[in-house]
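In what follows, structures are represented as structure tokens.
Next come two complexes built around chain A: one with chain B, the other with chain C.
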Partner chain A sequence: MVKKIKNLKEFSLSNDRFEGANLMCPGCSHNIIVREVLNATNDPVIVATATGCLEVCTAVYPRTSWDVSWIHIGFENAAVAAATVAAAYEVMKRKGKLPPATQKMVDEGREPKIVAFAGDGGTYDIGFQSLSGAFERGHNFMYVCLDNEVYANTGGQRSSSTPIGASTTTSPAGAVSYGEKMQKKSMVEIMADHGAPYVAQVSPSKWKDLVKKVQKGFEVYGPVYINAQSACTTEWKHAPEDTIEVSDLGVESCVWPLYEIINERDEHGIIYSTKLNITYRPKQKIPVEEYLAAQPRFRHLFKPENRHIIDLWQKAVDARWEYLQRREEAGV
Partner chain B sequence: MARDMKHIDVEEIKDLGWDELIPGAALFSFKEPVEDVVEVPMEERPYAPTNSHEWQVGDWRVEKPVFNRDLCIDCQFCWVFCPDISILSRDKKMIGVIYEHCKGCGICVEVCPTNPKSLLMFPEHMDNEEALKQWPQKEEKKKD
Partner chain C sequence: MAKRMELNEVEVWDGNMAAAQALRQADVDIVAAYPITPSTPIVQNYSKFLADGYVDGDFIMVESEHSAMSGCVAASAAGVRAATATSSQGFALMVEVLYQASGMRLPIVLTVVNRALAAPLNVNGDHSDMYLGRDAGWINLCSYNPQEAYDLTLMAFRIGEDLRVRLPVMVHQDGFLCSHTAQNVRPLQDEEAREFVGEFKPVNSMLDVANPVTHGVQTEEDWHFEHKARQHHDLMNSVPVIKEVFAEFKERTGREYDLVYKYKMDDADVAIVALGTTVESARVAADRMREQGIKAGVVSFRVLRPFPFNEIVEALGDVKAIAAMDRSAPGGTFGMLFNEISAALMAKGKHPVVLNYIYGLGGRDTTIQMLEEVYKQLDECAKAGEAKYPLQQFIGLRGPKLSFY
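So, the complex of A and B:
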């Protein structure tokens, strides 16, 4: 059943199923994303969480911050845990062996939603093979990547999501280096190419866009991938109160474009139509420089010898925005 | 012997350390089964002592957000962007801040759209009523 959320006031009637007094950093985006995802539905939710900040800080023995069914599993297999739950649920439903309380909800049209949360390390690098496998098998679940572009939990090592020029503990900026050398992997397209029915990129600062996409994802049958921008106060090194502003700058400068890809498939799994929609268009695209300047992890790029990296950034962002717009126009 | 986590009282849980892991213990969110969590507001939930809701992280703060009811327009920006579920909102109205759970990040103040802001950061030791007395006046819009 789709929860009706017309505006923020209506959304604020939601009763949170994620509890406070967890040990996430002050101003962490992870919490905001988790809250928005869980509040997007009134149906029961089953959550699988890969190792990472979210898991470590919300389940410190002897306490839990989750009021939903929750599983913690290894760094590399959040997708498999969620896929297994989805598969088991379907068998139990077919055989009529669901617990009475669950059965009652299913009869009311409130099917349980299965969500996997993982960080970018557990998605882009370590968890990729199990994520790819689960998407290929086509289980009915949602995978939310909390993308803070760094291994924040273990001390800020680079991941394959870290963008070029960022200073991390394993790609430190200094006299000889401008920081991370590689471009960021475009995970959304990779997951869309698995043939997933719905794939989207979201930012917590655009809450309505996020909730709409999550609701859409819950409605389709099959694996859904959501890539969520998660500004990290500790590793992006901005002040805790600037979390929303930094996220907004990312969206407004098109560094973090908000879009979705819908793959329509026939009963044999053949994709007959692919559509890319840009769901948010900045009224005035701001220069990437402003986004970079808001985060001290890019501070060294403003030295004269590193200015060329900023130009590179702008070029890459413009090219990508152009690519997305062309795809949307062509309807592919 | 494995002990049921349900039968351990709050004081005992507070004293638990990593070396005192109870074999076979499960951490329950609630003392008794709750049929439909989304229907039950925070105040009415039978939280178990092992739920983090029963704990507090307020001592992380150096500055606290103070809420001014007179200026609030109930836009709920603070509610949606609060990472720590510390903004208490009922019936579309903002009621106040849960100081036990607020880590003092200041996002609520930053996203508040009123002029002057209806949430402001004040030093932790300051009394809320004293803070309300010191509230700044409306800022005139600068003409370019």
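So, the complex of A and C:
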């Protein structure tokens, strides 16, 4: 059942399934994203979470911030955890052995939504195998990557999501280094290429876009991947109150384009159409430099010897934006 | 509803088929598995049961053993019966999640077909994988033949799922010598087996959306120790439940199991302690020794964890010399059986000669003649009242003799 949301005030008054009483840093985007995802539906939700900031800050015995069923196993297995809960749900539904309250909700058309949350470390790196396997098998669940482009929980080490030039604790900027050397991995396309029915990139700053995509994801059957920009006050080193502003700079500069990829399938599961839609188009694309300047993790790029990395950034972002627009125009 | 399989009173099954049949009869809701020699036929057999309509749970062919065990953890936390099978490298890949399964108190059943660990890569049987997982907080049951692999797998569900226990259970069988050796097995009929195993009793089911529950929390120095202590407490206190289940199984089938297995120990002077199929060879060797006037016996662990401290000492009685036979590379010390048996005996004030034999690594054949030789060495020690051989010897090894201590 799709939840109707008129405005932010009404949205903010939804019952919290994820309590603000947790140990996350002030200004952390994870909080915002998780609330936006869980509040996007009135159906029951079951959550699996990878080891990471979200997990260590929300389920410290004897307390929990979760008012939904929740599981954490390890760092690399959130996808298989959620996928197998989804499989277990289907087995018990088929056998007519669901718990009575759950059966009642199912009878009312409110099937549980099963969601995995993991950081970019648990998604792009150590959890990638489990994620790829679960998507290949086609389980009915949603996987949300809280992408802060760094191993924030362990003190800011680089991941394969860390963008070029970022200074992290394992790719620090120094006298002879501009920081991270690699370009960020293209996770959205990789997951779309698994044949997932719905894949999207979102930012918590564009909450309506985020909620709409999550709702679309909940409506399809099969694995859904949502890549959520998660500005990290601790590792991006911006002020806690600037989280949404920094996120917006990412969106307005097209560093973090908002788009979706829909793989439409026939009744046999064969994909007959792949469509990429850009869901937000900045009125005036701002220079990447403004996004970088807002985050001290990129401060060293503004030294004369590193300026070429900023130029490289702009080139890469322009090329990618161009690529996305072409795909959208071509309807592929 | 799954189709019922008509079984003969006596079936000819290898250990893998025996384990697969037990999983089928236990009506497992989720089997998440990954193939690996020599346990592969378990998942192949199970897939075929599913394809033929004999299974109404789900079989998830995951992309690794790490995901197999993770899937079992998630399924069990979701409140459904979960089981899997593995060996060797696959077991090693699961190890992280084995600790999570027991720490989260989830009654998963894992059938382990024991195989050597690389390097060098080796697909044959030894107990390296069993030893790797022995501290993972699981109940460990040991079988020596396909019948026992079948029986113990069925019993594993009852033991682990008992609300007084709620712990995962491994059932071990030897790679190839048990897993691929067809023998007579007397199975229960499907309805008898189902009645014995019973319905799964969900605890804190994640699927019960009216009662949200948090699984897999963080605890630090304030609570971690209490959790692990409680887990150990309940593992140690699973013994009465194991005994109850063994007793009920005996009532139904006439087949008797105990924490410790004994063969001709009543008057024994010397004893071999071993695990797996070697127990059966040792029985034959003991009989031959007895023909030569050496009072030989065999002791084995049916339940390796929780460690049956009193029972193992009692089983060894007043034997004068013991061979602790470890089929796993000892990695710079004595083998596990030597250490644990010696410690138990010493704690009870007993001081027989205990020798440690490392044998059969990577599937090296261990013949009855070799075991007879072990008994002869023990006999010498028993008569002398002291160790006449090095405390640790490698037997069946090519090249010069290797011994330590």
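The rule we apply is simple: the second predicted complex is superposed on the first by the 328 of 332 C-alpha atoms of A that agree within 3 Å, B and C clash if a C-alpha of one lies under 4 Å from a C-alpha of the other, contacts with A are read in each partner's own complex, and residues count from 1 in each chain.
Operating definition for what follows: a residue touches a chain if its C-beta (ideal position, glycine included) is under 8 Å from a C-beta of that chain, and two chains touch if they have at least 3 such contacts.
All of these numbers come straight from a predicted model, not from anything done at the bench.
*Asks:* Touch test for A:T64: chain B only (first), chain C only (second), both, or neither?
*Replies:* The answer is both, since A:T64 touches chain B and chain C.
*Asks:* Does chain B (first) or chain C (second) touch A:N22, or do both, or does neither?
*Replies:* A:N22 contacts chain B only, not chain C.
*Asks:* Identify the partner contact of A:T243: answer first if only chain B is touched, second if only chain C is, both if each is, neither if none is.
*Replies:* The answer is first: A:T243 touches chain B but not chain C.
*Asks:* With the two complexes superposed on chain A, say which partner A:A101 touches: chain B (first), chain C (second), both, or neither.
*Replies:* After superposition on chain A, A:A101 lies in contact with both partners, chain B and chain C.
*Asks:* First (chain B), second (chain C), both or neither: which does A:W207 touch?
*Replies:* first
*Asks:* Just to be sure I read the superposition right, which of the two partners does A:S230 touch: chain B = first, chain C = second, or both, or neither?
*Replies:* neither
*Asks:* First (chain B), second (chain C), both or neither: which does A:F11 touch?
*Replies:* First partner only.
*Asks:* Quick check on the superposed pair: does A:R35 touch chain B, chain C, both, or neither? Answer first, second, both or neither.
*Replies:* first
*Asks:* Which of the two partners, first being chain B and second being chain C, lies in contact with A:E136: first, second, both, or neither?
*Replies:* The second partner, chain C, only.
*Asks:* Check chain A for residues that touch chain B in one structure and chain C in the other, and list them.
*Replies:* 59, 61-62, 64, 66-68, 101, 105
*Asks:* Name, in rising order, each residue of chain A that touches chain B in their complex.
*Replies:* 8-32, 35-36, 42, 58-59, 61-68, 101, 105, 204-205, 207, 233, 239-245
*Asks:* Under the touch definition given earlier, write down the residues of chain B that touch chain A in their complex.
*Replies:* Touching chain A: residues 5, 13, 16, 18, 21, 25, 27-30, 34-42, 45, 50-57, 60, 74-77, 79-86, 89, 91-92, 98, 100-101, 103-107, 109-111 of chain B.
*Asks:* Can you tell me which positions in chain C touch chain A when the two form their complex?
*Replies:* 29-30, 32, 56-58, 60-64, 66-67, 70-75, 77-80, 96-97, 100, 104, 202, 205-220, 223, 227
*Asks:* Which stretch or stretches of chain A touch chain C in the complex?
*Replies:* Against chain C, chain A makes touches at 44, 46, 48, 55-56, 59-62, 64, 66-74, 76-77, 80-85, 87-92, 94-95, 98-99, 101-102, 105, 112, 129-130, 132-134, 136-137.
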